[in-house]
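Both complexes below contain chain A, partnered by chain B and then by chain C.
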Partner chain A sequence: MKYIKPTIVIIIFILIFIFLNKLLSPKYMTDLVEGNMTYEYYGEEKNHEVIFIGDCEVYANFSPMVLYEQEGIISYVRGNSQQLIWQSYYMLKETLKYETPKVVVFNVNSMRYSEPVSEAYNRLAIDKMKWSKEKVDIIKASMTEEESFLSYLIPLLRYHSRFDKLTSEDFKYLLKTKNNTYNGFLINKNVKPLENLPTKRRLANYNFSENCYEYLNKITELCKQNNIKLVLIKAPSVYPYWYDEYEEQIQKYAKENNLDYYNFKEKVQEIGIDYSADTYDGGLHLNLEGATKLSKYFSKILKEKYRLTDYREDEEISKIYNEKLERYKEAIK
Partner chain B sequence: MNKKVIGIIIAIILITIVGVSVYMLTKGNLSDVEKTQKRETAASYTLKVDNKEIKLGETFSIEKCGKELQYSEVASCAFDGLDKTYTYENYEIKTGEKDKITSIYFKDEGISTTEGVKITDTYDKMVQVYTNNFQNEGNKYIYTKGNTQIEFIVENDIIIGIEYIYK
Partner chain C sequence: MLINILLLILSIGIYVSFGISNLIYILFSTVTTYAAARIISNKRSIEGCTNCNINYADKENKNAEIIEEVKGENYKNNQNKKNGKWILIITIAVNACILIAIKILLYGQAKLNWLSGIQIIAPLGISYYTLQVISYIVDVYKGKIEAEKNFFKYFLYVVYFPYLFIGPITRYENMKEELFKKEKIKLENIYNGVIRILWGLTKKFVIAGRVGILIGTISSDVSIYKGAYALLAMLLYSVQLYADFSGGIDIVIGGSKMLGINLKENFDSPYLSQSIKEFWRRWHIALSSWLRDYIYIPLGGNRCSKIRNKINVIITFVISGFWHGMNYLLWGLLHGLLVVYGKILKTKWKPINIIITFLLISILWSFFIWTDTLTSLQMIGSIFTNFNYVEMLSNFLNLGLNIANIVVLIISVIVLIIFDIKKEKIITKIKNYKIEGKLAIIGTLAIIVLVFGIYGIGFNVSEFIYSKF
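What follows is the complex of A and B.
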């Protein structure tokens, strides 16, 4: 009987602690929506034949809804802003716990980053990942020097100073969430033509790091073990510069590992990309128009080369995807 | 008895969480203060060009840096704000958050560092001027002063790249 009072106090304390953690953590619903991309995947039917992994060059440039409408391909983009290669590896590993796609498409842009870059981007990719061994590993691999594992475990440690920055979003989405992407594709309809770019800088070293190769090997191996066709791609972004030396290394790697590699920058004319109209930030990412062109182009390759199923003929799945397509078309109007 | 043990365990966990939280918050504040103090007191590299002194970490302005020949901006993947690049005849100034100068990149040999080293000079000249107190990463040689750095890229004993960087 004498323990009831302290127990109640402790329970109240725990509840307040959980509540504060929830309240002060960013919701990524109306601002910085990129931070919710990892989480959106969990609510999906896990039956995709194609999974895209990579950084913003996948979630801005490839639209699964276009792939479905064009060729009946069902796909999902597991991409995040500046998703580094070790993050892509662990995202893929996590994905394979839920489903085994026929094809994994990996955008190789992140090969240029040999070590953790920015806490802010780490947070967008990791904060809303479900707790698992993969999450522990992704945190360990991604932390910058200033970060601590504990701050991922107890978000309050990181976000305590958000107290005076709370908005209505923090209360509205305290217990619920909403999707901002369409199977991982983030729509951007703005147009900002390609104009001036900074000088192409000389680098001290053009070789991809051992660390990046290690994770690329792990991705390759993981796909092999699961009988998945791994396809390497480079999205047609004009900046940051994709150096010839980078290109040579990826081509060599693809050849040595018997992988298909598509550099869409070299196919810009064939795809019909016009950098004066098809980009929303001066050539870094494609806008809706550009992404639609690229997705149509790639959907044909995927369908023909990897013998994917046309799910438009599957009654059950087409019902789900036709509804998704309807919502997508409404959003792109 | 069992209840007592469970109560003690929960209490220990809570005390640990609170203790660690307080430690982390305090640690974070202290390191911010330390960083600020360090920035304010440390010496730094600056670039003197055309009777102007360009200081890394300061806010860019045409009065301080001169009118650029070309301007370009690059948005980040997710966050607000732009990385801006102001291009001059022989160099480029890059700014980051709040328009603070984060980099001065030499485009060619038409400009020298304040201490008199330019692209096409030799490795020996670099060491003569800046000493051999550098940090070496492959063919990159980095000199640090406070929160600023000068990076030299050297190939076959010839300097092929120079950049001032604000850390």
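What follows is the complex of A and C.
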């Protein structure tokens, strides 16, 4: 009997602690919606035939809804802002626990970053990932020097200073958040034309780091083990500059490992991208128009080359996807 | 026994983790004072059997001079004492010289660009353990305590990690009992220790951390932030230093309490003092009492002419300033003068005395805010020459804290003041709480620290202001 009161007190404080962790963590609903992308995947049906992994060059440039509408491909983009290659590897590893796609499309832009870059980007990609071995590994691989593992385990340690920045959004989405993407694709309708072409700055070293190659090998190996076709791509972003030396290394890697590689930068004309209208930030990312063009173009390649199923003919799945498509069309109006 | 072994291993481990040289320095001080104390003690015990009745157990006998007289009765013993005296002097000199040299070198490097290219780093905890080992050897010499035979017991006293960064400076006669008593771990002690630690963390992270942001802004540019800003920084620094230092000591005392080791209090609501003299009885008590016992009294204390007594006080405070660093000699001197001549500022109204004392102390903290003596003096002067008080008030919200954080700061400072005024009552009340009451306090304080504390990326949690001394 004498332990009842202390136990109640302990339980009350544990609940307060959990509540505060939830309340003070950013909800990423209206501002920085990219922060909720990782989480959105968990609410999806896990039956995708194509999974995109990579940085913003995938979630801004490839629309799974277009892929479905055009060729009946069901796909998902597991991309995040500046998602580094080791993050892509662990995201893929996590994805494979839920489903085994036929094709994994990896955007190679992140090969240029050999070390963790920014705490803020880490948070956007990792914070809302479900706890698993992959999450532990992704944190360990991604942390910058100033970060601590504990602050990922207890978000309050990182976000406690938000106590004076709480808004109604923090209460509204305390328990359940809403989706801001369409199978991982983030719509952006703005137009900011490309004005200047990037100048080619000389680098001291053009070679991708051993660390990046190690993770690229891991991705390749993981796909092989699971009988998944790995496809390497380079999105047609003008910025940051994609050096010829980079291109040569990727081509060489793809050849050596018998992988398909598509550099869409070289197919801009063919795709029909017009940088004066199809980008929302002067050439870094495509806007909705550009992404639609690129997705249409790539959907044909995917369908023809990798013998994907046309799910428009699948009664059950088409019902779900037609509803999604309707919502998507509503959103892009 | 087991807990003492673990504490020793842990303490050594912590020293080593900050660099093996730290362990070498502390080992040197420990070995030299241990050996010297043993030699003095051995000589005493040989002579003591036949000639001298120094009663070690007579711990109440604080007057070392009486012991000296007893010893003085015998020639042989005088000879013995003489031998012991040289050992004492050499041991103190060697240990003090290391500390003095480091203080001078640190100043020389920072201000005069000495030894450019080599970074001088003070050995961890040297300011604290040097005073401890000196107090030990002096107490053994004076017969207040018996020399410790077990080296490891003595080593644990010196190296004990909780007072590694900020003290308090302890005496072996107190610590021996606490460190080596049986039946230390009790649930009651753990609850009380945790509460004390969390209270310390609250002071450090919620109050000192917040005030630190404001002071950081003000001290970053003396050309803009002077006059009213300087006064504000001085008043705030009083709060910051007290919250940070006493908070750190709370953590040390609380941590020790959990292990069943009771350390002496280092603060006694110091800002409620009515004079500077009283302030030094209530602020950093461990250092003040060390200076009293090992500097002021050996200099002659008050058993001399009035003039000599005043000089003794001033010398003691200048040494206190030196202990803090070469930059603080003037700060020590001014405190000494205020202790000696402070009476003239005293009124018959208690609140007025408290305010005057607080203002004086705050103004003198300038030497700690701006560290450069000339800048500090300029800032003190600017209070009386730059009347930008209205501008400061209108610009208050641009100093680094928004309104929500200022509200948190004001509330927490009010809580601290109330606690300091009603300390005895509150502590007794908490001690009498049942387990659930104590758990509720632990939970509340933990949440306050976690939510309202200033910590995280860009904020170094291990940094206590007082640790740099």
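Quick notes
One rule holds for everything that comes next: the second predicted complex is superposed on the first by the 330 of 333 C-alpha atoms of A that agree within 3 Å, B and C clash if a C-alpha of one lies under 4 Å from a C-alpha of the other, contacts with A are read in each partner's own complex, and residues count from 1 in each chain.
One rule holds in what follows: a residue touches a chain if its C-beta (ideal position, glycine included) is under 8 Å from a C-beta of that chain, and two chains touch if they have at least 3 such contacts.
Just so it is clear, the structure is predicted and the values come from calculations on it, not from any experiment.
Touch criterion met: A:D281 reaches chain B, while chain C stays clear of it.
In the superposition on chain A, A:D164 makes contact with chain C only, while chain B stays out of contact range. By the touch criterion stated above, A:E119 is placed in contact with chain C alone, chain B being left untouched.
Set against each other, chain B and chain C differ in how many residues of chain A they touch, and the higher count belongs to B. Contacts of A:E147 after superposition on the shared chain: chain C is touched, whereas chain B is not.
In the superposition on chain A, A:E34 makes contact with chain B only, while chain C stays out of contact range. Judged by the touch definition given at the top, the superposed model places A:I12 against chain C, while chain B stays out of reach. Look at A:L174: by the touch rule set out above, it reaches neither chain B nor chain C.
Applying the stated contact rule after C-alpha superposition, one finds that A:C56 touches chain B and leaves chain C untouched.
Look at A:L20: by the touch rule set out above, it reaches chain C but stays clear of chain B.
On chain A, the surface touched by chain B in one complex and the surface touched by chain C in the other have residues 6, 10, 13, 17, 151, 156-157, 160 in common.
Taken together, the chain A residues at the contact with chain B in this complex read 3, 6-7, 10, 13-14, 17, 32, 34-35, 55-56, 81-82, 120-121, 124, 148, 150-151, 154, 156-157, 160, 195-199, 201-205, 239, 281-282, 284-285. Listing the residues of chain A that touch chain C in their complex gives 5-6, 8-10, 12-13, 16-17, 20, 24, 119, 146-147, 151, 156-158, 160-161, 163-164.
On the side of chain C, the complex with chain A involves touching residues 402, 404-405, 434-436, 439-440, 443, 446-447, 450-458.
Within the complex, the chain B residues that touch chain A are 3-4, 7, 10-11, 14, 17, 20-21, 24-25, 70-79, 85, 87, 92, 94, 105, 107, 137-140, 151, 153, 160-161, 163.
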